[in-house]
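Take a look at the structure below.
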Amino acid sequence: MKKVFSRPESLKETPFHYCPGCGHSIIHRLVAEVIDELGIRERTIGVPPAGCAVLAYNYFDVDMAEAPHGRAAAVATGIKRMLPDRIVFTYQGDGDIAAIGTAETIHAASRGERVTSIFVNNAIYGMTGGQMAPTTLPGQVTTTTPGGRAPLRDGNPIDLSEMLGVAAGSVYIERTSVTSPKNILKTKKAIKKAFTVQLEDRGFALVEILSPCPTNWKMTPVDAARWVDESMTKIFPLKVIKDVA
Amino acid sequence: MSLKIVFSGFGGQGVLMMGYVLAVAGMNEDKHVTFLPAYGAEVRGGTANCTVVVSDEEIASPIASSPEFVVAMNHPSMIKYQNMVKTGGTMFLNSDLISGAPPREDIKVVRVPANSLAHEMGNDRALNMIMLGAVMSTVGIVSEKALAQAVETVLEGKKKSLVEINQKALAKGSQYISSSR
Amino acid sequence: MAGKVLMRGTHVLGEAAVRAGCRAYFGYPITPQNELPEYMAAAFAKMDDAVFVQAESEVASINMVMGASIAGARVMTSSSSPGISLKQEGISYIAAMELPAVIVNMMRGGPGLGNIAPAQGDYFQATKGGGHGDYRLIVLAPAYGQEIADMTRQAFDLADHYRTPVMILGDGMMGQMMEPVEFPEPLAVKSLPRKDWILDGAKGRPSRVIRSLWLDTALEEELNWRLARKYEMISRELADQEMYLVDDAELIVVAYGTAARIAKGGVHRLRETGLKVGLFRPKTLWPFPSARLATLSRHIDQMVVFEMSTGQMVEDVRLAVEGRCEVSFYGRPGGVVATPEEIARVLSSAYHRKASFEGGGSRSWQAQGYTNLGSA
Amino acid sequence: MKGRIEIDEERCKGCGLCVAVCPKKQIEISDRLNTKGYYPACFQEAMAPDPDKIECTGCALCAVCCPDVAIEVYRETKDESKDKDQEKEG
Amino acid sequence: MAGKVLMRGTHVLGEAAVRAGCRAYFGYPITPQNELPEYMAAAFAKMDDAVFVQAESEVASINMVMGASIAGARVMTSSSSPGISLKQEGISYIAAMELPAVIVNMMRGGPGLGNIAPAQGDYFQATKGGGHGDYRLIVLAPAYGQEIADMTRQAFDLADHYRTPVMILGDGMMGQMMEPVEFPEPLAVKSLPRKDWILDGAKGRPSRVIRSLWLDTALEEELNWRLARKYEMISRELADQEMYLVDDAELIVVAYGTAARIAKGGVHRLRETGLKVGLFRPKTLWPFPSARLATLSRHIDQMVVFEMSTGQMVEDVRLAVEGRCEVSFYGRPGGVVATPEEIARVLSSAYHRKASFEGGGSRSWQAQGYTNLGSA
Amino acid sequence: MKKVFSRPESLKETPFHYCPGCGHSIIHRLVAEVIDELGIRERTIGVPPAGCAVLAYNYFDVDMAEAPHGRAAAVATGIKRMLPDRIVFTYQGDGDIAAIGTAETIHAASRGERVTSIFVNNAIYGMTGGQMAPTTLPGQVTTTTPGGRAPLRDGNPIDLSEMLGVAAGSVYIERTSVTSPKNILKTKKAIKKAFTVQLEDRGFALVEILSPCPTNWKMTPVDAARWVDESMTKIFPLKVIKDVA
Amino acid sequence: MKGRIEIDEERCKGCGLCVAVCPKKQIEISDRLNTKGYYPACFQEAMAPDPDKIECTGCALCAVCCPDVAIEVYRETKDESKDKDQEKEG
Amino acid sequence: MSLKIVFSGFGGQGVLMMGYVLAVAGMNEDKHVTFLPAYGAEVRGGTANCTVVVSDEEIASPIASSPEFVVAMNHPSMIKYQNMVKTGGTMFLNSDLISGAPPREDIKVVRVPANSLAHEMGNDRALNMIMLGAVMSTVGIVSEKALAQAVETVLEGKKKSLVEINQKALAKGSQYISSSR
């Protein structure tokens, strides 16, 4: 029999430190597969976040730079501006990109930086142990919203991707999830497109991926996936938000 | 008199509660105590551990680089700590999940089938108090009474039955040691 | 919560803040201090006159603190090293506007992202002013759970009394460790001294301005000297320290916070072996207890400064000592926590004038300037 | 037996996503801990060594869902299936 | 631009940067240094291998600097006091990642929003590390237009050589004033030493990581000591100063930057009246030229430190002197620029041991510690 | 004859330091008139920016707090949360609110802070002497875009107000101008509404006002007004962007 | 004369917006510098003291546009205008 | 020999250029020179001023708290500086825009109708070089030749005619002084 599925080249052998059923693991593999398929491993530079994915450089077999929490878009801008023919991507969680990194992200998009951003929305601060994220759903219990997020007190979930769609420099913005084989393959297509937009030098591209955090949601991986489908997508509908031909 | 104990195991085995109950008991007997849980990234991967120091004098450091006692509730924890235990110290192993022993001649090893004993009691989650009871009846820096009280403090607000189960578990643990002497 | 309770440092700080009349907390998560905002969130959720906001960043949170202080609240924010760096602009403004505020830094390994282990690399930032311009923070350095409770109460009182930001400087271990603590009675917010300078709407009084811009250099200079005089006063009134077995000591170790309790353990062990060693622990890092240390330096041969850094407070020690006795340094940066035994070895080798120390890194300054004994 | 998967039990964290997604219910969570302290998933084959009982089609849905890239998937090639058919006839 | 040209400090800095091979500038406007980004924008618009980006903030710009440095460029950012405070987190990261970068701070009156007049209130922030963790910046302090040109070239070379951020610390006056300047020949970017550590894609080599996170405390401690050793080396190799008429001097004034040229004018006037006074001007603020100053302190009665602040560098002077001679301080903070006549008066009254100075604010430290002579 | 137009009470006697024909002066007066008409002078607290309006506290006769550049929304949040029955407004330029203050503003809106923001968009950094603003028009010459703003290099003008419209916590967002009596009166109505929204405790409200900067545009006040009408409104159309009934 | 404006020449910065907006062209920029160094606007009245020549309607458009709040506007009240009419008649 | 001059007036009167030309001339004669323009908020409101120091020795401060010479191109500038001028110093006034004089006995005052003279020349904008010419023929720290050269340097790239006009203006200014002696 022939091998029909195996580990992508751009992924090192190191086992992930992520929790069982964590979306980051799936998304890492997808990004690596896309890099393989586009044949850009040797010209790609990645910028991971501060977040559970802070150690992403242990997994991707491409040049990787660290960035302070939330500043990946600015660091990526600095790299891409100096090396316009390299492929630069950021990989960020919702706290990183949609809270502390709001300004850097929106302005990178507005400037139309030739950068690809992978935005992993798990509606919580994973690495720091489950505090409210800007994307936390109303009523969702977190360690800083013990009674559930009350919008009047704690604010509303932020639609960063929709805002980025408003930015003149953004070319492609899509929201996907990794809760089923179908969604996972859709996500891979979106990631591939987001890298292609950069290869074609067209502007800023971002994929927001709804991703389970079973640990901090205190759910089994299977329940977590269901919660994404049933609850998260109500506030964060899966769709192409912007696609400039 | 001062001693350091490390409690370690999987998350969900009630490892932190063991340390917490001991520390509270020590406090109630007016000893100096510190309780230091592992935190942050250490925790990811589902292992948990904490260090308790109980002493008659002010405690300099809550960290135990070479603890007198280590409680290992699972195999990875034994591996992790077996070389840290102080010479002459004791390692308590949850024999239900740990086969084999640390490769050392200079430390004592006490085996406690915590899971099975808990199962006998008809309460699987009580394994941590059983182990604690066993440990304390060997170490005995705080009185059994203090421990029993500590359980009440720690479980304050929880239902009485739960308190009693845990206190029974403490007793069962220490009986196990005395009977096996 | 009557009598002794066993609580972790971050929770002790939070409870003490609530009891000190703190009614506003603005912060952003960062390990190893997350349990503090989490405690405030839970506590304030139960109170109807208290505000908890998880801000979008440390920059936003320090500016929310500014606003709440302008409105008259006892307000607190907390973070750890990288987050504190982001607050520096805001802190400079708060000091310039003479606003009370309590800022907590539970230090972690640095520089950069570093790690989440306990460290003391932010001493300079805290005591010399990491922000721009001539200002100072009052910096309190607790070493024990009970002291966290006491100094937190003190911090809010000092902030209001001097109208200046106060920093509580701890580290990951201080924050995570549980110790028995007894709390003072809660203060009634109404009982706190009225503030006649706040902004709450110009009802029946002339409108007020709270500002830090003084385009006229004469006015800006005036502000600078007013602040300088305030800081002089604070230096005279506030400097505080713990001195342990220093009276007959030939060598004293100088350390603060977590490093100090470990050093104390080392001193304890050496005393048992008959060595005449003692501990000097600054409880206020700014103002630094220079006068006391200067006095000691007259009848003590040498001081060993121990920090969980590559050497920062040692400069303040040398400033106080001014060459009157030998000063050497031992450091364990990066989140490594030394053992009392290790410190005991270091001190005794210094005591017996051994040139260099095992492990860690060390330097020493003779009266005639600077020499480096190499580092690990 | 049209397909086969190999699960790296040391990489597996027992999240159970593959179990849930497998249309032929070919995967189960084992009751042995791996050295990381997880109960890994294992492929039918491990339990029922008789090839004909294996219904795995090599659809790879499990592998697509596996966060920890612990699954490798093999599928019968055209000629392989031919051979089999011949066996049957013979 | 051959021979002498008359240019303002900010433009001199910009032109010198271009000639030093700087090909990337990221910044955000703030007075009094806007003419620098404006110069870079105009200069780089004419070059096809150079990048100018006006970032959305100082925080963004320092992180863009990080990125450009990671990609191998000679890169610069500039700001003034409040903006520099916002860069502190990024600077700490850059130091921790051992990245070369040039950071310009044209200081203004502070703290807070302060004003846009020349001041020196950011000395501590620049030299002790305003960011978190154990790191240092090389800090160069030009006092003349020509020195701005020379030190800018030097700054880029040092940054690459030591792989560490370098700060050029000026003030509003340095930046705005025009003086005659001669520039060195431009460096060809290709001629610069290759960097084998940058990230430019893992083509035909193993992939690289540039990071500052070391969860393992042993590795973090290793980084800290590696940095400490690097800083030791820099201290030995780099400390630099101007000494003017110090050989027979009984009193020397210690000052840097704008304050130093004014002090020099004061010294000049006093020499004409026969007073034995001299000037010691640190050209590197970190490393501070302590050794030289220590030597001087052996045969000089007193030093007067003059700063355009309420007293910061004076601590480094006292650390160097360690009580061997009297140190007193004279300050004009808040953007006030003293006159040479004023400094002459201050020095002569100190020379004649008058207790206190007119105007400004002053303090003095006798060998036996600290006394305050009150302030204006 | 009776006086039909005179100085509002909430404006001090101090003459403005603004340049001849500067929009800030007009907008100051409008805000003061609204405060008078709503009778809230004694319960209003204003937060000016760093920008040409940094000295606004010299003109408004209400309690005024300073804020670091861009942080007015955060400072206002701190004040309003402690004093919910007071009226808190920020007054900010485009650099202050749409560049360095992007994150603070977007998150204040997303949280639905009960704050009123006056956003003065003059497409330039006035106070610092005419550098490019995030709202500078393509082709517009500034001191940091001497050849005119080139979007590929210098980025595109940012539609902050449209982004704020996306935020769940914003209730009322309108863009107006002050180039004619008609537009000035419209602007006043908008400002009044933005304050009313706060009086009714409904959420975040903002008025973006296109405002001439004759000095840095290097135009006469009359030409500057024309440029707003003819060029700025093409990129920043005057309209109600959001109005939640 | 239905209306009248008063321009505070020391507040005026001579921006000319009022001149441009006045429908009756009642305002001009004067050629005297004020102490701030600006050429202030001035109302017809100043030049043509004859009230009947004044066409100002007191529409206040100038004041609405004046950045520096330098203009105060006065308008005839009902009865005033009545009186006038009577004058005319008488 | 060292001297400090302050040039002041409205923006648009070419005040900065006066100082710049003088500073360049001083530089070309190998003197130490500094030129310090007012900047930032000071500038708003349309006034402009700059300070030039020309000296044979290193210059300590580019700021003039009591300048030997002040050039005031308009009335507000005279008011602003009349009390700063050093005793024995000179104030140059643009008599076309300034009536009246500073209330001081201890300083000289030189009146130059810069606007009218410029108008005579048929070039209103040349008033600044006319004033500079007048000032320099009185102060004379740099040669007329150096000034003329400096104009070329400063206007480098501009059309020749403009350079000549400005040089003529310098000459006209100094003639005005000599003739009115």
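Think of it as A, B, C, D, E, F, G and H in the order they're written, each chain with its own count starting at 1.
Assume a residue touches a chain if its C-beta (ideal position, glycine included) is under 8 Å from a C-beta of that chain, and two chains touch if they have at least 3 such contacts.
Worth saying up front: this structure is predicted, and the values here are computed from it rather than measured.
Under the contact definition, chain D and chain H share no contacting chain. Ranked by distance of CA centroids from chain B, the top chain is G. The interface with the greater number of C-beta contacts, when C-F is set against A-D, is C-F.
Centres computed as Cα averages put chain F at a distance of 41 Å from chain H. As a whole-number value, the distance joining the C-alpha centres of chain E and chain G reads 58 Å.
In whole angstrom, the spacing between the mean C-alpha positions of chain A and chain C is 38. The set of chain B residues that touch two or more partner chains comprises 40-41, 45-46. Under the contact definition stated at the top, the residues of chain C that touch 2 or more other chains are 31, 56-57, 59, 82, 89, 93, 97, 112-113, 116, 211-213, 215.
Within chain F, the positions touching two or more other chains are listed as 19, 54, 66, 68, 99-100, 102-103, 107, 111, 127, 129, 134, 154.
By the touch criterion stated above, chain E contacts chain A in their complex at residues 23-24, 26, 51, 53, 55-57, 59-61, 63-73, 75, 89-90, 93, 97, 199-204, 207-213.
Looking at the complex, you find that chain C touches chain B at residues 4, 6, 8, 31-32, 116, 172-173, 176-180, 261-262, 264-266, 268, 337, 339-340.
Looking at the complex, you find that chain G touches chain H at residues 33, 35-37.
For chain A in complex with chain F, the residues that touch the partner chain are 99-100, 102-103, 106-107, 110-112, 134, 151-152, 154-159, 162-163, 166-169. Residues of chain A touching chain D in their complex: 1-7, 11, 15-16, 18-26, 29, 180-181, 184-185, 214, 220-222, 225.
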